[in-house]
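Input: structures, listed below.
Same chain, two partners: chain A is paired with chain B first, then with chain C.
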Partner chain A sequence: MWLQALPALQEILNLALRIITSRTFLEIVFFPGFLNVMLSAAFLVWLERKVIARIQLRIGPLYAGLSGILQPIADGVKLMFKEMILPELADAKLLMLCALGLMMLAFAPAAAIPFGEGLVIANMDVGLVYVFAVMSLFPSVILLIGWGSNSKYSFLGGLRSLFQQVAYEIPMWLSVLGIVMLTGTLNLTKIVEAQQRLWFVVPQVLGFAVFFTVALAELERTPFDLPEAETELVMGWMTELSGVPFMLGFLAMYTKLYVMSALITTLFLGGWSGPGFLPQPVWVVLKTFIVASVVFVIRGTFPRVRVDILLRTGWTRLLVLAFANIFVTVALMSIGLGSVWRI
Partner chain B sequence: MGLDAWSLVAIFEIVIFLVTFPLLVFGWLMRARGRNPIRDAPFESGQTHLGEARQRYMMQYYPYLIMFIVFDVIAMFLFTWGLAFSSVPMARNYLFLVFIAVLVAPLAYAMYLSGKREFW
Partner chain C sequence: MPDIAFLALSGLVIVSAIFALEARELIYGAVGLAFSLIGVAGLFILLGAEYLAMFQISVYVGAVVVLILFTIMLVRRESGRIVEEEEPGRLGRAGILVAGLIALAVAGAIVILVPISPEAPEFYGVPLPELGRDLASSYAVPLVILGLVIGATVIGGLTLAKVEREKKPNGTTQ
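What follows is the complex of A and B.
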């Protein structure tokens, strides 16, 4: 009887083998996809601890692996076995669901970011809008975590996250409008192809400045880390998370940092373009890490702003600068410089 | 395989789900059972917690929220203009700059209102 089932089994095995060795599967699971983002996020945790330690004249993690490079993985394994405390007033299922949702949301924009010529999971025509749309869902999930954990610190952190979105969302959209005008497309691969002669950081220097500032607010990084301000709100919206949900939330934040740095690289720093002695994906990852280390240095050197100052800066400075960037771009196009970035 | 972009994104999300969900199940199974009123209380810096966190909070910065609703839509419409920028004659593009300049007046008034702290 089982001998008759054997050919069918073989067929299934063959199909599985074909799927596993297909380029799509390898892209999704290994290089531009899951494993790349996960390991890079872990690397960024280590890099941040090293950079901050350097600023504060410490040494940082040292023992796990070569100068502590395996420390984030050790921390992850430790957190998996930590006690998962779910406060009695909290909605435990909602907390765990939101931790899962944060993780999935943090990884989702990586699907549209090109890591080389044709090396992208989903080459979509609305890539830029897709990335921004997914990223704008974060504050809502963070507010849900604050609501679900039913702790005052968490809830205040979630509310601040929403206010932060009110401050940064519109400058973020308008600061990349110049690039859309120059290239006439929302496809991230085509945006990188348009930068082969000159990176967009040169004609769009205002837009780059605005977008970088806004990215700090989006990532909840130090000048704007109001939702998890350690000195005011213990750990902000992460106060009541512990064990695996905390690990997922923490990793999601670093994944978001990696994806956002890769997006800055893609939009303004030429993506995969660079001298030919290194392969294209290496250039993308290298530039991404450089952008991320600038973020870390800013964390080590700047104080935190207040909520009202953040809102005021977003609406009176960043928004006006983003509008000015549009005017500069129109001026560039009307004197005929736009053909430099035509594909 | 000829999959379109959205199904690839869906497969990517499924892969992430398949990796992270077992972790949560693992943590759920390994969690401490039983009640401990001190451990399970919401953290309030060592104080005994008072009441629920789900109260009414003061809705501050109201002018910003109203402006957000307006400008979010405007930003979307400006994107459609930006996409069609090269195919539209330049003279009509200048009209859009006039449109942006007109927008600045209500924005400046709203910023003047929201700068007054007694309105918060």
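What follows is the complex of A and C.
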């Protein structure tokens, strides 16, 4: 009986596969950016809870949807209907504005990240600088949230976040300089095109290590989660946020994680390049999730660093390594290997 | 279309600059300054200088405004979030009047004397790759000296800060 239905089933499957891999479908899902980034950030919340649960021998979210995959959406709906509790002297308008601004800032860099050939919202010549410029706005907004909450935990968290992100911005700029030297462009699409032969993680392994470490600090993830140190500061600068502002701030940090992982993928892991059996955007998202999973595993396995170690690492080790990376790149170019990546 | 964008950005720059000066709380003033500088970056983009605009945001908003915010928070800890405001005296009012008249005169002179061309020229200045090549080759020595000057300033500042800290009695270093 069902053997007769098999060809029909196969046809339906083929059709579904054709639709999923068609360019129109990919453009609808990935190209507007908003949907892709929003859903991926929600997915990352679930993924983190699952990964941490595995490390700690727990099960994690289970009931909402398949293996709890709808849990972030349920949480979001719950937070939307929750009461907004603020301290008496908190600056409610400023907090709301900053939470919204944080969300906008987290989404903004996604515009410059290519998800495939031609699948980029803004194909800017200064894409890399644009992403870093937007990233540099985070500390001030977070500091304003910490100040406007009128709570010492929030304020200390905001100050720590500021110190950390400002100190790590310099190694961040320097660590990608090698790529810019090799490709001769700041356009992220062209940087991905230059990696079709060999990903930059191979010649720029020092830069990759520095950039990944800096990304952890910029994202306030373990081992650099001092701004959110829950044993000392309750929840850092997010302590006094509740309801919708909390949801915005929380989701903004996961969006930033997604965008930062996508940036690592774009710069060092070849972006959309991969075997042809999967469409290009799928490769980008897959690599991004793998990078994010590494961040989660690090959170489950590493302790938090002290403030002085954090600053000393930034100024002495990472800066020196970033400069060493530049010298290695110069050496590579002077023996004529630069032409491999030049486009 | 560029006209609307230009007017909107100019409005943003001017309004937020006034807000930065007039805000009761210094923190709001800093926020106003940030918006004003972002507006200036937008004007740079309209002029076709994206690279400059990005560095305007990254350096001025990302670093200078952060520094201002940080200073405000360190200096004015808990008390006195409201700035004491003085009533402008007679001299102050006269000053405002004179400043307004001068501004009006300058604006009038610019409108009368400078011809406003309807179409902006296609490109200003040198292309960035050429500028970078020049900076790295023929202007390398001035660039290095500039870096040394800034480095010396930073080291001097650090030394001063360190001396200050050691003077404190039973100061616990953090």
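Everything below uses one rule, namely that the second predicted complex is superposed on the first by the 311 of 343 C-alpha atoms of A that agree within 3 Å, B and C clash if a C-alpha of one lies under 4 Å from a C-alpha of the other, contacts with A are read in each partner's own complex, and residues count from 1 in each chain.
Here, contacts are C-beta pairs under 8 Å (C-beta built on N, C-alpha and C of every residue); 3 or more make two chains touch, one makes a residue touch a chain.
From a predicted model like this one, the values you see are computed outputs, not experimental measurements.
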| item | value |
| --- | --- |
| Partner chain in contact with A:36 - chain B first, chain C second, else both or neither | neither |
| First (chain B), second (chain C), both or neither touched by A:108 | first |
| First (chain B), second (chain C), both or neither touched by A:273 | neither |
| Of chain C and chain B, partner touching more chain A residues | B |
| Partner chain(s) touched by A:123 [first = chain B, second = chain C, both, neither] | first |
| Partner chain in contact with A:144 - chain B first, chain C second, else both or neither | second |
| Touching partner for A:265 - first (chain B), second (chain C), both, neither | neither |
| Which of chain B and chain C A:100 touches, first, second, both or neither | first |
| Partner chain in contact with A:133 - chain B first, chain C second, else both or neither | second |
| Residues on chain A lying within both footprints (that of chain B and that of chain C) | 124, 129, 147, 155, 159, 166, 169, 184, 307-308 |
| Residue ranges of chain B touching chain A (in the complex, touch as defined) | 1, 3, 5-6, 8-9, 11-13, 15-17, 19-21, 23-24, 26-28, 30-32, 35, 37, 39-45, 49, 52-54, 57, 60-61, 64-65, 67-68, 71-72, 75-76, 78-79, 82-87, 90, 93-94, 97, 100, 104, 107, 111, 114-115 |
| Complex interface listing, chain A residues touching chain C | 124-126, 129-130, 132-134, 136-137, 139-140, 143-144, 147, 155, 159, 162, 166, 169, 184, 307-308 |
| Contact footprint of chain B on chain A as seen in their complex | 22, 24, 28-29, 33-34, 80-81, 83-90, 96, 99-100, 103-104, 107-108, 110-112, 121-124, 129, 147, 149-155, 159, 163, 166-167, 169-170, 173-174, 177-178, 180-181, 184-186, 234, 239-240, 243-245, 247-248, 307-308, 311-312, 315-316, 319, 323, 326-327, 330, 333-334, 338 |
| Of all residues in chain C, those that touch chain A in their complex | 27, 31, 34, 50-51, 54-55, 57-58, 61-63, 65-66, 69-70, 73, 129, 174 |
